[in-house]
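First chain written, first letter: the chains are A, B, C and D, and each begins at residue 1.
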């Protein structure tokens, strides 16, 4: 068995009287790819924010490769080699593609090497033709791709993605899937996602959230077949 | 730029009713008089009448045939209540315009900002504002009142009027206020009284409710309030509003300099005791004639105040010095002025005190009455006794300090 | 005993005047997320409007409570149409533009009224409390500010306009989708905010000597009070004005007025450091 | 990347050499000196606001702190070298502490504005109330409202009697500005500067990349304060007096106006805005038809409304539009435009 790279123990988050995440125990091994699914308000986003340091959980602990990161700031977590992508594209609109990715590479590599890695990454993502365009001028799909690129360029060993396929065309989603597969060769990946098509195409293990807690955790096919899951989530949607 | 300024000056001259001088004459052999005061920004209430008085005096001299047969040309700059501009315009006047004399400066800080420039470039400098005293520099003439000149006469009189020995002082928290407060304390003690407390207020404090309560707790017989500026005027308002005005009398060495007695209603102002060398309401032939000349030039004389009068005296005193020396050259003019030149004007006689380069003036003890200052007593020719204790330019002509007078 | 009563009145007065000073800014900020840095000048113009009206023979209370708010409100309306409406959603730009406006109004007032200190005397006599004389006008200011808060609450809670306003405070787009033109809501809000600034300036005018630059003394205090109060209009204003008013008066009585003002500022820094979203961003959430 | 920096340096040296030679022929050096100093002050805010996204309402605080530090140290030491160094360090340390307090408390935009404004007010009020004899640092009286006059002005290091003043002082200030300009250029080209721009663009993203945003903002804030402090010390030497007005809100306001008018996100903009508006103010002081405050206010409003990006960026795009389309000499023009863009940051 590969080492455990991400673990939460009894992670709980309350807002006033509402328990958004309830006693979540979660484990992720190196180079594993895991999708988190669940209906709106099931607690997946809260869980994601607690893990990435954007929110501090009310109770419980988070561990990453043995470090306890419960009260860490996002930048400390990212410094460990964790790549994070938020739900909406979060990029630097007035900088160009090269500069965006370079900034991410520079955090872990000296200036020259960062430049080299950035050029490589731009080639890999087929962004060469727009490398000098400002992000503000790009289409949604391109922006998502750039953001994924700046997560990937730092060679993370754990990648946390919140709805990477949201609002993208089928073609874009295909390309995204390829990039994520590529990333998965070296990194463990957690994907929070709604899009069942996308999940089917990429996931093996799936964790289902319901009312803040983990409902079940299994292979994607078995999860899809499970009547309870269909009831709380898929049933409503279909 | 020069052209524009000339045009503007010309327009002003025409406006003020003086004969418009041909440009050729102006440009040719004129005596240049520099002026730097704030005619806009927060201090323009002081600066504007000073500027008008300066131009009035110059027009009078020019109208009477000029000085040494030459016309005086005014080069005026508006410092916009900005300290940095004082330094810039002082340089402009001394190094580029090469003026023969500079009149100006309002706040002590502005005077200190330009005094050294004047001294370095050998430009004679007149500072025409009531201030804290102590400047000792042969290149400068200060003809405004200094604290002791007022406090010496105001304090004993006010204590007598109040019929008590206990005094509470409220002073503006800057150099002037601090020094004035010390002189007040000295003269209160000299008169056998006691200062219960001295409170200082920065110039932007406008809420005196707590202070008024404190004063009542201390229960003095007299409140002396050398407070300065618009915010401090609130004290006199709030004092009257709380009904204290008829219980404890007030005196001030500053209220009225900016014509505050016209802003306060009779109910708020009546009875406040002050001491100045000038008031618009002085009932003398010289003052009446002066106010007529002012009205002819500018219309309503109600903006006139002590500082404007000092400026008027400043220009005329300097002109007398030039006449006497027969030259505008600085050392000659200084030497002439040091003979004790005096000038008679709307406020009586101003005499140059050779030892200190300050002015010996007539001081009037006055009470506010229906938005006017009512003269109770006039004390003639009070010398600048505070500066005299520290400064003797006859003995030390090279002195160049502003002394803080120890009492 | 008498002294403690006097101190109590002074404290209430300090709180009340902070409420007055802050109200106009709070309305505009709370509803429109616009910080009007010309607020102080609006107050100053309210003062001038009052004095001019009184000099023309109008009853002083009519001048203060009716004429001044109306005139300043109209000036605000013009400003909103000409400048502010082009800048909605650009917080920093509106701050800068209104800062420019404040300088403009100072210059304008100076050109019209000159720079000499003016003022009117207080229309209410002082009276004695035991051995102390007390400024009767303080009570007037306390009453006006209490009525003002009640008035704002009543308008927000009971009227249709208040309902729309509350909606707009929560979600501007929501009010728009309900068929209320945000343009008109903003216009009305800015008018009300300006009128409140004018009222504050008018009511405080008899206590101070007025010069065109008087506004500068208010803006910092108003700004601090409103920001520290946080998102809720009435609760925020009341809590932060109460806090700052008491802090500054305690230090004023104990030491001196300067220390009182400095204490207010230091308290503001500490408060914002501890509660970066303002008092009502943390407590009393969701109140008006 | 190093190539463009050296080109930057050469260009800066050339342009400033030409300006230092030409400008004194048109404007008196004494006035020019203060324009240069204001330019440096404008640049200090332009750096932290235009490139770091930190809107500081109290840049004047650091300016004043630099000036006061210099004045007080100069009176006590009697030689200008150490006071000059202190005048840079003290504001920087003060800003680092203040910045740490604000940025580690996650304060942003309006709240940041309030805190910086309040701190400036506190300093202003404090300096104004130090008229009493009890406020003394070493041999220096604080002087309250009247400020501190009569301190040792700039001298040749090591020789307290060899004063640098007049034209020589102008050259010192102009060269100092050129050096600061080059240093700022280098800083912006460095990784630190690029990350700072990234923070301005998207703080969260930069944090999620693993950069410590708080520390970097604090550091940038301190750098800006150091430049403002240097400008303050130069100003103190120029005016030969320091007063609490240096801390005033109107001083802070003016710095912000310079940046807006000149253009944010450029290095030249704030310098030109500062020098231009200060010179305009100087010229306006020679007339008294219209109130000058009114004009300043009008300028600010009109710029925010019609030219919110400021003059320099607007001119740059105008240049691109009018020359970029020309068929003749197009390549040449494009290259020049690019250079210009680089120059503007």
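Quick notes on this one:
The working rule: a contact is a pair of C-beta atoms (placed from the backbone, for glycine too) under 8 Å apart; a residue touches a chain by one contact, two chains touch by 3 or more.
For clarity, every value in this text was computed on a predicted model and none was experimentally measured.
Ranked by separation of Cα centres from subunit A, the top chain is B. When the interfaces A-D and B-C are ranked by C-beta pairs in contact, the top one is B-C.
The geometric centre of subunit A is 42 Å away from that of subunit D, both derived from CA atoms.
Chain geometry summary: the mean Cα position of subunit A and that of subunit B are 75 Å apart.
For the pair subunit B and subunit C, the distance between C-alpha centroids works out to 37 Å.
Look at where the CA atoms of subunit C average out and do the same for subunit D: the two points lie 33 Å apart. Within subunit C, residues 110, 258, 261 each touch two or more of the remaining chains. Across the assembly, subunit B contributes residues 40, 173, 200, 202, 204 that each touch 2 or more other chains.
With touch defined as above, residues shared between interfaces to two or more other chains in subunit D number as follows: 125, 129, 291-293.
Pairwise, the chains that touch each other are A-D, B-C, B-D, C-D.
Only residues 40, 42, 44-45, 48, 173, 199-202, 204-214, 216-217, 229-234, 237-238, 240-244, 247, 258-260, 263-265, 267-268, 303 of subunit B touch subunit C when the two sit together in their complex. Considering their complex, residues 52, 73-76, 78-79, 84-86, 90-95, 99, 102-104, 106-108, 111, 150, 154 of subunit A touch subunit D. Per the touch definition, subunit D reaches subunit A in the complex via residues 1, 191, 194-195, 197-198, 201-202, 204-213. Residues 35, 83, 86-87, 91-93, 95-97, 99-108, 110-111, 216, 220, 223-224, 227-228, 258, 261-262, 265-266, 268-269, 272-273, 276 of subunit C are the ones touching subunit D in the complex. Contact residues on subunit B toward subunit D in their complex (touch as defined above): 1, 4-5, 8, 39-41, 77-80, 82-85, 87-89, 91-92, 95-96, 107-109, 112-113, 116, 173-175, 177-178, 200, 202-204, 402, 404.
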